[in-house]
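Two complexes, one shared chain (chain A), two partners (chain B, chain C).
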Partner chain A sequence: MNSSPAASNAASHGAYVFQIYVAGGAPNSVQALANLYALCREYFPGSHRIEVIDVLKEPLRALEEVILVTPTVVKVSPAPRQQIIGNLSQEEEVLRALGLPQKEQKENG
Partner chain B sequence: MSVVTEAPPFHPTHHVGKAAALALRLAEAENALHALTLGQVDAIIGPGGKTYLLRPAQELLRQSERQQQALLDSVADVLTVVNRGGVILSVNRAVRRVLGYAPEEVVGNTLFKLIHDADISVAYSAFFNVVEGYHESATVRFRHLTRDGLYCWMEATLGKLPDVSPKCVVFSLRPITNTSKGVEPALPETAGGQPPPDKDRFLAMLSHELRIPLTPVLFGVAELQADVRFAEARPTLAMIGRNIELQARLLEELNDFAAVGQHKVRLRLEAIDAHEAVRFVLEICGSEIAEAAIEVRLDLAASESMVLADSLRLQQVMWNLVKNAVKFSPRGGSISIASVNDAPGGLALEFADHGVGIVPELLPLVFDPLQQGDDSMQHRYGGLGLGLFIAKGLTEAHHGTLTVASAGRGQGATFRLGLKTIAQTTR
Partner chain C sequence: MHTQGGGMSDKTETLSREKFPSGIEGFDDITFGGLPRGRTTLFLGGPGSGKTVLALQTLVSGAGHHDTPGIFVAFEENADRIRANAESFGWNLAGRQKNRLYIVDAQLSPDTVKAGEFDLTALLAGLEAKAQEMHANLIVFDALDVLLSLLDDRAAERRELYRIQAWLRRTGLTGIVTAKVEENDPATEQRGAFLSFLADCVVLLRQSVLERAAVREMRVVKYRGSTHVLNEVPFAIGPTGIEVGAPNGNHPEPQPFKERVSTGIARVDEMLDGGLYRGTNALITGSAGTGKSTLAGLFAEAACRRGERALFVSFDENALDIIRDLASVSVDLTLHLKSGLLRMEAVRTDSASGEEHLIRIKRLIREHKPACVAIDPFSALVNVGGEQAARTAVERLVYLCRNEHITVLFTSLHEAQDQELATLPLHVSSLVDTWMQITYSLCGGERNRALSVIKSRGSKHSNQVRELIFSDEGITLADPYSAGGEVLMGTLRIEKENAVRAEHERLRGEIAQKREEIHLIQLDRDLRIEGARREVQACDEELERLNRTSTAQRAEGALRKDEVVRERDSRLVREQTDGAKPAGGKARPAEPERVDGAKAAAGTPRFPAKTRKKRP
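So, the complex of A and B:
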């Protein structure tokens, strides 16, 4: 796994590190980015890193990481590494995949 | 949206690792496919890093364009986007309801051709200030030609779209309904059909028609004057030439008089330096001034002297004022021309003579056509007495003011030309 210096630094502090692969300002990419930012603000305030990779500008990075389509979000750390494809509009599914408490549960509990 | 969780990084055997990696890639491909079917993918990364943008993304963009157009069309105001040259680039559907045009009939036309002659200068001045960035926005009222050939009073707010098209101005137009003259007939020539038999119109036509045959005569006289065979007749030819020129000038004056009376003066507005115009006019009048041995005192002290005006017409106004001052000055007298910025955005040019002056009772009549003091003055000073009427009409077409003051007979007179300045582009 290739990690940027920032990513490994954040990882060492136990923070959440994401990479998001987008295609310029395409609608799903923009939506995924907005959803990811919102999610991080809510669940990991002050302890997250998001690296945005525009595949229109850096296609080789997508190839290196074997990214097939955009938008794709990669959770780099903490392990295990996870890959989420799509615009992250189904929040519950994303939260479940990331092993985070879901909203209904929070409200009910 | 699909989620793939990577297998634990360490495997007991090489083979298992390979199989697990393969399974992972397969799962990723499946999930990518799933996201595709949901329409949540906007690009596919192909071999060599080539990126394929998917059509749904472009269609979404087109959809948002359609939404924006629908939004524009739902607005009650007529929204007209005009480029620097005054050409209409786009207009929303409200133009049909408000003015009767189909949008495609209007696009590509010059907006100012659709504005009443009498309102062009005020509309253009607002447009100029916004397009050149002197003003953020402006609000003006003018009569806009409708498809039925009528003029409709509109209030327009002008502004720019700085992010989208910085070189364009958006006119947001709404009809003024709280006025009794909401709609008025267009000028005969734009409305079509026969014009009314109007005195001013007749005068304009007549003076124009009478002026036309004079030009070839003037050329003919000039030709004869240059011909050595008629050397003896030169003084007579010169006299014929002078009188035809005078006749031509009088007819031009009559034509201008008719145009001013009908409020039909067409102005080609541009940014010009009023001080330069004064100096130019003094040059033109140089021989007359020298002939009367008149001293001109120039005190152009205004720091802001750029105005939006029709160069020729403004010179004509000044020319009339200078000629007037010279005409009513005693031989060997003096006239003074001064400028001052009397208010922010205001320029006043004063043309003062120390000549015969004007008695208080006649002051209000100075700008009336055919007034020139009493009858004896008429004979003494010549001309039709239309100059000041034309000067005032032309000034008002520029949205300026022309006023006169005099302390009485023998006390001289001062004409004050008030204009609005525009911001200077260079200093």
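So, the complex of A and C:
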């Protein structure tokens, strides 16, 4: 359900490529997706692509990629590959994982 | 009767529907059939307690055959290590990997960042699809605690466990969950407690060090809707996997006692009314130096001499030492070792637990296929890993051998010099078919070896205590001598033997003398009989001669008479014709002569015989 707006957003090409594994419309998945969009708009406007994979629709793909939990965000490029699990509510962790500067005023955004 | 039969078959069917056999020796005994089918079993234990091996082995050999499709989810080790682990036990995963066994690498990369709440939907969705694809009916979550620790939150942890439980229920898979619990770590203990609460069957695995040996034990803590063995039971991880020392394992069918097997000492066989029954076991107890090993060696040697295969397992003694000891009593084992009939295996007891030793002995039995097995001394097993483990190990070895129709001789070191038999090590007396005891008997200032048969199932046996003699010529039992209610041994016996020999000697002399006397009397008698017989014969001959003479004379006389008559007639005729001729002179002396001869014939032979007979 959330995959169609995500897919349309992924149309915008850029240096940053993300995969996000969601479990249908589960609250944490929805929240993670929203958080990822917000982050990309803010830090990589016009230069990011997001692929949304619903594990309920493609369960074997998740297994092959060793995706154990939902939601999981994988930064595919630029290297190194980075995996973030959770609904991305802890923004400082996300920023640290992506190597982005911490923004005090953006803490709750 | 009909309804009863139907009910029973229903019950077995229900049982097979309810239980998933693990295929692990002993494990299905303590769980009365295996894991709860379609439900969740939890293996809890400390690091290295064997949880992973137990789960993997169930997956590999489960459901009574080796082709149960299953999934192994590895949270801690990667798939390659799991495969290597399996291959080290000789379980070939490669050949059936494709559709039968699927190992999921389920470790998050170490640089994974956690940023907020998550759940296990991805994994469970993936596994569900995989399980459907390969028609799996068993799934293992190995080291689930590793995954749970990611959650960092007790509430989340419980929520995810409920999720897994619900998922298992829904999919109908038989689940195995392994998790680490560390003693004195409240966090893992609490997790263990909650996992136990959710699971239908909980098996606790434990590794401890007892008397320097690592001992593994397991206990079925909980089994919803099923009986199970409550006690902790020993188990071992052997070269082919886990074996559980189920105390009430398969009891063997009692074998009918038929054929006898020699103990190696003819006189001991006599005491046992012909030897040991084939397929039974015998125990020889005794304190140090009583010769137990030698007797065990003789038993094996006797088997080889009959052309049977024999296995000699010695604990804490070199095989060469045993060969040398037996050579000193003229028993040569080297010959049988060369021919391959005999296999000797020296084992250090502290190298493994009792359970592992059992596995090793079982492997030796499978490899060598002996008809007779000597284990010397099995009591050494107690030194490592404690009595309970050793006892069940021995118990199962006894059952194994009985089922395989192997005759076993155990020896047991009996340190205490007490004559009371209650203190048999390991309390295995009820297992033992034949029990012989060698004691040191103190008498006349000496220690002598004394052998007695305490029990021998199914045969009458001697109640005597006999001295066991080791000499250059071999080993045997002395003749029993008793004096004052005590069996004599050693010097006292030799003295007694000498005394008996002297007495024999004296009697023999006396008899010989008497016999000689009688012989002389017989000779004298025979001579006298012969003399008498000859006299009788002489007399008879004399009489005969006389008779003949008198007959002749009578005939002569008659002849003469005729002549006389004729002469007279002729003289008369002549006288009548020409006068007389002198012929009467010849006829006249014939008359008295004949009278004398008749008198002699009647008197002489009888007279001297009579007088001689009266003389002695």
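Going forward, the second predicted complex is superposed on the first by the 90 of 109 C-alpha atoms of A that agree within 3 Å, B and C clash if a C-alpha of one lies under 4 Å from a C-alpha of the other, contacts with A are read in each partner's own complex, and residues count from 1 in each chain.
One rule holds for everything that comes next: a residue touches a chain if its C-beta (ideal position, glycine included) is under 8 Å from a C-beta of that chain, and two chains touch if they have at least 3 such contacts.
The shown structure was predicted, so the numbers you read here are calculated from the model rather than taken from an experiment.
In the overlay built on the shared chain, the residue A:I84 is in contact with chain B and with chain C.
After overlaying the two complexes on the shared chain, residue contacts for A:V17 are found with neither chain B nor chain C. Legend: residue contacts after superposition of the two complexes on their common chain; A:V94 is shown touching both chain B and chain C.
Judged by the touch definition given at the top, the superposed model places A:L36 against neither chain B nor chain C. On chain A, the surface patch touched by chain B in one complex and by chain C in the other comprises residues 23, 26, 28, 55-56, 59-60, 62-63, 66-71, 80, 82-90, 93-94, 97. Interface residues of chain C facing chain A in the complex, by the touch rule stated above, are 104-109, 111-123, 125-130, 133, 147, 150. In the complex of the two chains, the chain A residues touching chain C come out as 21, 23, 26, 28, 31-32, 35, 55-56, 59-60, 62-63, 66-72, 80, 82-91, 93-94, 96-97. Put simply, chain B touches chain A in their complex at residues 1-9, 25, 28-29, 31-32, 34-36, 38-45, 48-51, 53, 57, 60-61. Within the complex formed with chain B, the chain A residues making contact are 23, 26-29, 55-56, 59-60, 62-63, 66-71, 79-90, 93-94, 97.
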